[in-house]
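Quick one: structure below, then a few questions.
Should a chain be cited, it is by its letter among A, B, C and D, assigned in written order, with residues numbered from 1 in that chain.
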């Protein structure tokens, strides 16, 4: 065996390198960030994004796309800031129901052979509406244990870093190492062969969606822990962020090619890119445009490394 | 099979059926007295969704992952620049339109350059691009609302033979789109690309040329929609396109176009656009609050797709 | 039951129809332990359909399936697998995004539990080593990174692998279509070993000598029915072809060598190794072991000659795909649209498609190469694999391009059809068309005027006229000494 | 002395004319202040997507950048509390305005949005003593300002029961959205005498109604130039009467001065109230003349004005 990286490992190297470079740039612009507190400030809001990105990744692993991720996380945030605090039992029941609904969606999408984009587009209205019903105006309050969890100060590394590592490891074990994970990715790769091996694709798809629901629920809870309260629009941007995070992390839209560790890195990169920009002090008119530019630059970097990799492989 | 039953095999019938039901429920509130009013309003506002939806449909036809998220920003940018250029003068209407089209072409070109040069999924490329275009819109006029030239304002807000002018414009564009898809080589090309890009390439289709043309077409339609909408609503605003992000995608998919690409559908866009407007009007009319209204909208979208979905239309 | 042995699988009077098409019209078939049953028939004869019935993927509308004399009422995929029925399908059916080990996990449902990776790895590596001794496929590689031949090897090894329930009946539906001669040999040897040890095999192939030498018994199907069933020694090549009902006009073999080299080349390419040249009216073969750079050369020739940005008014090259799922068919489209896509330039005026001319040309080619379908407006996927391949042929030949690039295009095409296509190729070449033809079948390579032999991505040798023969090609592909 | 202090503006949204006017005022007033050496820097930051999470990250970055004060127009009154608390803990002064935050450590410069809604109905009751049917145009669902103004309007209707709200749509504070929503519900509505609004939606409503053959009701305007100009045209043509009310975008400059005063060591009450800016039939012309084409009627504050506001709150 030569020392050639597997395509899975290569999928990881590129996002990791982009993150490192960006982090170096941030430290250079703002040396203050190079501290326990600084790192936490840079990354703590990436924790819920990372969870949502993993959720999106699970859906993408079975060749679907979830356009309701943002509204769903918002809805969960509303539940967390209201029921989960005031009536924990009801709150937990609602969360379980939400996960079951997700799994159900996976089943329905499979059985009726529906395009996931449309179903989740429809669901995005439903979750949004439920969120507005729960919290017509922003409010509610984070349960104390959630707040504690998100502001805990572990030794050595700040919460944001520890949490990101835990998320990455758990997701990696579930998606890349477990039988269920293989099955889910197999469906993305070639559903027919999975079916011919005697598996129930419906169940596996349902499981993928259900698992996505679990991670999305965790994202909503974590988010409230950071913001202390919620509203129906609080996480709308998670839909696109989570998709971008998966892609940045080396995942692909079809074919079941995903990388959980990459997805977490992608989420961290996206968050960091925002900070990098604000440290650059760009004129107000172009601040929004600069966000686009940075996405382009990070992806261009990914391409460059990909090229290098291809050349290596070619010989 | 009898022709009536065959109608139910067509992918667009469900969006039409849904919008008819919603239309009927809406006018029944006033026992039919609001028929003309509701119909005209629906046609008027559906027209804008139709125009952006058509462009989005062409892009979605190109296959999985193809979607243009820069539609809202392009609408805003074109609307603001055109109105600023025309500066309420009727003589500048044509130059305004030309600049609008030019903006569409530039945005489309940038979109495809990013997709091609960086080999990134279109969804991310166009998202990045939309931020830049939105910034350009802010930079050019900082949100000032300039009125449209009076002739244009009159044109966009009035009717011809009872049909709203904007709806007539949308209809003409739809016919053009249908013609492109069904009768020209270009239509075959994009359908082929949507089904399999490698196969299209090996069949000698100029894949990049066709995809570029499609992104240009989508961006131009978005900018024209922005131009018309700005004139119709009495001025361009920085947030005027934001509604049309989800809308442009929703009308395409509800209309029966295959999300996986390769199979598009013009009549469905009309059904879906009318439906999206009418369902909000109906729920408003019945006095339902925002929460309930959103939930109902979502459930109706899912029901429509459940009825229409599951059967892959066989196309010739 | 007449013998002491019970049939591993016995299908009795199976009927399957898809709409108007009777895919199976009362097929009775039994497979005994320790025998290899060869299954042949023209494209669309019903071979793949009976395979689906046996492996539980398809429930026949009439008839029954029995195993070990036990009639199975609720027969399905899992019941079949539990009885040791394994299948290598006609199209590749692994998950390309997963590693070989992970695919093994998918194929064996009860491999789960802690440490399954180690177990799966052992199982598949063992099987690969047994079937293809000396292979160099690492089991941690992703299937998508493998060459098409390697993938087929993995599938075959997968079917023979044992993870608790030992395989008793292995169905091989055209398993050698992407394997070169030496790999095919290894597989066939393994089939004999497997059968000798008491296993059963159903072997489907259009390469008749493989069937003749490997099977104990041969079943010939035609139009959904079994039309002949005899011990293998009861058939010879000719008899088999006759039983299939295809009139195989024996190939005239070698073409008369002509004075092409004098004309200036119409296509040339500097690949690694010797340089590639093609002259007008030549049939050029690309030979060598499968996956040694032939397809890459074809793709490079195609890319160099076709525009990605603007349509080519007079394209120089056209392409016939071998991997039709990947770069051949447009699945949503009708047969007609699939046929006409490459020649739309000629079927249109100012960008507008002339529907009538499209229909006429389609009907014309349907007749010429006998595409088996009642209506060209049917979807392409309603055709059998071989017939789909014919459509791709027609697509390329119907263009005006003077050069036709062919990427092992006869995979899964039946003998009769092959002969027809060979004839068409010869005629077209006589009219001045040039063919560049990659083939894994020696018979086809021998039809060429000139042959380039590949090894490890380079052109190692060039053989012309009388030098094009099996010995020379094999010598060149293995020794690798450029002439 | 605050000449070494750095102040940042954290703004969640720049997508409408009100926000653009707000940013322009900020730039103008703080630019002069920096030049005069009152403060060392006053940088404005806007988030791309109008989302609380994004703005929370922005505030956290400001902490890292070492600003002494953050002036804040918040995407949510509560969702930023975590980040605001972190800023306070880092010793940073946080002053919120327009979109205020509830975190106790921050200052608030609030407009009484409820009163803004109620006063609309009160005005209508004077113009139309007999009352009648009203159409309500709301802002963006789920946002604090929308809820407050709407609550005020409903309070007003309770106070003047001769009015009845027969329809309610969300116009998202945007003319085109309002126009679309109104056009959709209008055909099914009975006669309406008035339209109560939130700002940025009056002109859209007027256009939708003008497209039908209904009599033009009294539409309460929201200080946008296009609204005022339309009103002026109607007034000149047929004596149309209404009023217009909104918060002045220049409050951003008041917030700036308040932050500067706090940094200077001044005792300032945590809750300050600014009056909303109301335009009536008689001062329409002057206000219109002072409003930039396509902009919003505005008031900018000086340091003196700010001191007055601070004093009067004591």
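Basically, a residue touches a chain if its C-beta (ideal position, glycine included) is under 8 Å from a C-beta of that chain, and two chains touch if they have at least 3 such contacts.
Owing to the predicted nature of the structure, the values given are computational and were not obtained by experimental measurement.
Of the two chain pairs considered here, A-C and B-D, the higher C-beta contact count falls to B-D. Annotation: 42 Å between the Cα-based centres of chain A and chain C. One simple way to say how far apart two chains are is to compare their mean CA positions; for chain B and chain D this gives 32 Å.
Annotation: 29 Å between the Cα-based centres of chain A and chain B. For the pair chain C and chain D, the distance between C-alpha centroids works out to 71 Å.
Each of residues 131-132, 136, 287-288, 291 in chain A touches at least two other chains.
Chain D has residues 14, 23, 48, 141-142 in contact with two or more other chains.
Chain contact topology: the protein chains form a pattern that is neither a line, a ring, a star nor a complete graph.
Remark: the chains found to touch one another pair up as A-B, A-C, A-D, B-C, B-D. The part of chain A that touches chain C in the complex is made up of residues 1, 6-8, 177, 179, 182-183, 185-186, 188-190, 192-199, 255-257.
Within the complex formed with chain A, the chain D residues making contact are 14, 23, 27, 43-46, 48-49, 51-54, 56-58, 60-66, 76-83, 85-86, 140-144, 146-148. Listing the residues of chain A that touch chain D in their complex gives 30, 32-33, 38, 41-42, 44-45, 48-49, 131-132, 135-141, 223, 226-238, 271, 274-275, 278-279, 281, 284, 287-288, 291.
Interface of chain C with chain B (complex): residues 302, 306-312, 315, 318-319, 321, 326-334, 336-337, 341-342, 344-345, 348, 351-353, 377, 379, 395, 399, 401. Touching chain A in their complex are the following residues of chain C: 55, 57, 77-78, 81, 87, 89, 93-99, 102-103, 105-109, 111-112, 116-117, 138, 140-142, 144-145.
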